[in-house]
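Chain nomenclature is as follows: A, B and C, assigned in order of appearance, with residue numbering initiated at 1 for each chain independently.
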Amino acid sequence: MEGMELASFQIIAAVGGARSSVMEALKDAREGNYEAASAKLEEANQFLAEAHKGHTGLIQKEAQGEQVPFSLLFMHAEDQLMTTITLRDIAMEMIEMYKKIG
Amino acid sequence: MEGMELASFQIIAAVGGARSSVMEALKDAREGNYEAASAKLEEANQFLAEAHKGHTGLIQKEAQGEQVPFSLLFMHAEDQLMTTITLRDIAMEMIEMYKKIG
Amino acid sequence: MEGMELASFQIIAAVGGARSSVMEALKDAREGNYEAASAKLEEANQFLAEAHKGHTGLIQKEAQGEQVPFSLLFMHAEDQLMTTITLRDIAMEMIEMYKKIG
């Protein structure tokens, strides 16, 4: 497996973990378990930090003038990463909402 | 119109339908019409399933070693697909919230 | 800096502004300041309109038959734009929710 394919799969795997953790955090908050929700969010952040490494590495390569080839799989990995970061941000606000609703 | 352009437009059209259905589902839930909201979500899922076909076909092509060329339009179609899947996931949680708020 | 790199940075900067404004709008709504929230959303929309220009210009170029080269940075800019538009749409619904919760 070449470098870019590997990086893509690493991102997709880490982001998948993050996404699951965020969804579980929302479920916890919905059931009033705010501490569990907070722990799940922390877990999601760790997954996202891991996923972000592959992303940053390649962006830097291109910035240094290296031509990074197009890969559909990597594009998909990036889409997963960016939508999951957004999902995490929204989930944080939704958990605040659940606290208000009680 | 070549294959990739056609696939892109098919994805964009189906995703546009999905996005409208999700927004209508949220409006229904906001007004307390939870059955209508549920039907609209189902509609959105059907649109997304359709959009997903074009996506999966191309990912598989690349996985089999075929070089899929870069297309801005296809990148845009994929962005629409992934953000709308995320929007659908969040809308499902928001509808649960509306049920709690009443 | 070549054209595409410049367009990418312009999109990323404008989208960053939009994202901050949306998050502030949510904070305002959470604290019951609905007028401030509305003003922040308007601000976000102006940032997004600006970001959208670079996006549309390049999509049109490709539609006219010009080959737009792949750039990781531009892909990232597009991801930021599309996720932030989605974030804005969801935030609008969340602000309606905060009004209901009071």
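The criterion applied here is as follows: a residue touches a chain if its C-beta (ideal position, glycine included) is under 8 Å from a C-beta of that chain, and two chains touch if they have at least 3 such contacts.
Note that this is a predicted model, so its numbers are computed, not measured.
Taken pairwise by the contact criterion, the protein chains are fully connected, each one touching every other. When the CA atoms of chain A are superposed on chain B, the rotation angle comes to 120 degrees, reported as a multiple of 5. One finds 19 Å separating the Cα centroids of chain B and chain C. Shared interface positions of chain A, i.e. residues touching 2 or more other chains, are given as 70, 75, 79, 82-83, 86, 90, 94, 97, 101. Listed in rising order, the residues of chain A touching chain B in the complex are 23, 26, 30, 70-73, 75-76, 79-80, 82-84, 86-87, 90, 94, 97-98, 101. Per the touch definition, chain C reaches chain B in the complex via residues 58-59, 62-63, 68-70, 75, 78-79, 82-83, 85-86, 89-90, 93-94, 96-97, 100-101.
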